[in-house]
Amino acid sequence: MSEPATLPSASQPFRHPVRVYWEDTDAGGVVFYANYLKFFERARTEWLRSVGISQQTLREATGAIFVVTDTTVRYRQSARLDDALDITVVVEELRPASMRLSQQAWRAGHLLCEGTIRIGCVDAASLRPCRIPSQITTLFQ
Amino acid sequence: MSEPATLPSASQPFRHPVRVYWEDTDAGGVVFYANYLKFFERARTEWLRSVGISQQTLREATGAIFVVTDTTVRYRQSARLDDALDITVVVEELRPASMRLSQQAWRAGHLLCEGTIRIGCVDAASLRPCRIPSQITTLFQ
Amino acid sequence: MSEPATLPSASQPFRHPVRVYWEDTDAGGVVFYANYLKFFERARTEWLRSVGISQQTLREATGAIFVVTDTTVRYRQSARLDDALDITVVVEELRPASMRLSQQAWRAGHLLCEGTIRIGCVDAASLRPCRIPSQITTLFQ
Amino acid sequence: MSEPATLPSASQPFRHPVRVYWEDTDAGGVVFYANYLKFFERARTEWLRSVGISQQTLREATGAIFVVTDTTVRYRQSARLDDALDITVVVEELRPASMRLSQQAWRAGHLLCEGTIRIGCVDAASLRPCRIPSQITTLFQ
């Protein structure tokens, strides 16, 4: 469904816009820190979609789903209600059954939050590791 | 797993304690209104558990899961971080494939929020309505 | 900041697209029902933004925030991971200190969920009702 | 409000029980990974409460709130609906304006997830770092 692509890199990250709504904030008046993991995941999903991969379709076709195995996040500045954020995705490492991504949240040129996320590919039924389906790896040569 | 029981009623509601954490609040400084639906569901789950029913076990044994089909909630007062709430469950109507529950959130004698929740029993695979498993209905005579 | 507008009506509802991500789903494989209230709120926020109103700015300028006082939601069909939804907003009633909105979630012409939401305007500090700021009401004649 | 205490340590961690509800799960059938950060925070809050500290009261009395500045989480095994978890808290480092905690999620003797969380103390209004209030540090000698 999509042409060969290159992995989003530090020089050319994938970008996805996220708006901050009431649901994202907490009583400190800022975005609840755990929610950046949601923002990061939306961006990863949209990155995959941008190269023609739907996770729901992938699961139905191959039985494989991606699961997060490690997250490291540093919070630098806060985001507030109505803020318009940009979430980036950079692939740092692509392995047979996992990948490591670097992600950041930006607001108008200010870095708010950054993290490293490791994703593993697992069989949805057994939750055991499996190879990333070739329809994904072949997208990136 | 449990002896015959009576349905929790207006005179004898089931009660479940809920503590308000950061995750539950929003930038208004209060509990985000959608989260009362989570509190209500925790109380329903604990009510079922109190009569010996685990939804995960029920699903594995019968293929049935409960889904919410209608909610009506009125918000009267706000809850804040660290508040200790009591969530009540009263069964208002028990039908072959659904039930209607009345639920309330209380803090120290003050009614914060109240709602009516209709739950349907559906087959987990097809999501089509099915009879509430007899292991549940026979609990209540 | 914006020209006079008309209220979104049944014949001309405001529409906001929402994508379903992992964060929105539950172990039933579908969107967790409480999350439609989040989707509805995003659409209301974007409707206000479309006529030039930022809730964060509104709060700083007037001290007023909108709070949800009543919700009635009927769930008809389920949404799944990756689904593209359209959330609509229709103003059914505009009063001095509150408004009642009708909202729906659609997927490719199928109505999934619909609700009525009553919003009150309150002072952020005291949480007591106040008049909807004139910069909002004058937008709609 | 509380007697001098010792910090929860590796040999004597603080423990807080958490039950898995529908709200915590995702379409993979397991607990959504970001939600472990919520579970960890509930345990930290209950640990503070166990030594007499309410964050809401702390904020009103001193203007200080705790914010998370760094999180590192490794996901080992999945939790499912109805699972009864134990969340632990161990203080690894206590500094004037921050602390580093080690936290784990357990189910029946199995380690599901573990993380390191750094918490900073900030002024709620300015969000700038401030010393941890002495009513907290003096609790621990």
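A, B, C and D are the chain letters, set down in written order, and residue numbers restart from 1 in every chain.
We take it that a contact is a pair of C-beta atoms (placed from the backbone, for glycine too) under 8 Å apart; a residue touches a chain by one contact, two chains touch by 3 or more.
Worth saying up front: this structure is predicted, and the values here are computed from it rather than measured.
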Farthest chain relative to chain C (centres taken as mean CA coordinates): D
Of A-C and A-B, pair with higher C-beta contact tally: A-C
Angular offset of chain C relative to chain D [C-alpha, multiple of 5 degrees]: 180
Rounded Å distance between chain A and chain B, as computed from the means of their C-alpha atoms: 34
Whole-Å separation of chain centres (CA-atom averages), chain A against chain D: 25
Gap in Å, rounded to a whole number, between the CA centres of chain C and chain A: 27
In chain A, residues with contacts to at least two other chains: 22-23, 28, 30, 34, 38, 41, 80-81
Contact set on chain D toward chain C in their complex: 22-23, 25-30, 32, 34, 80-81
Chain C partner contacts - residues on chain A that touch it in the complex: 19, 21-23, 38, 41-42, 45-46, 49, 54-57, 80-82
Chain D - residues contacting chain A, complex: 28, 30, 33-35, 37-38, 41, 65, 67-75, 78, 124, 127
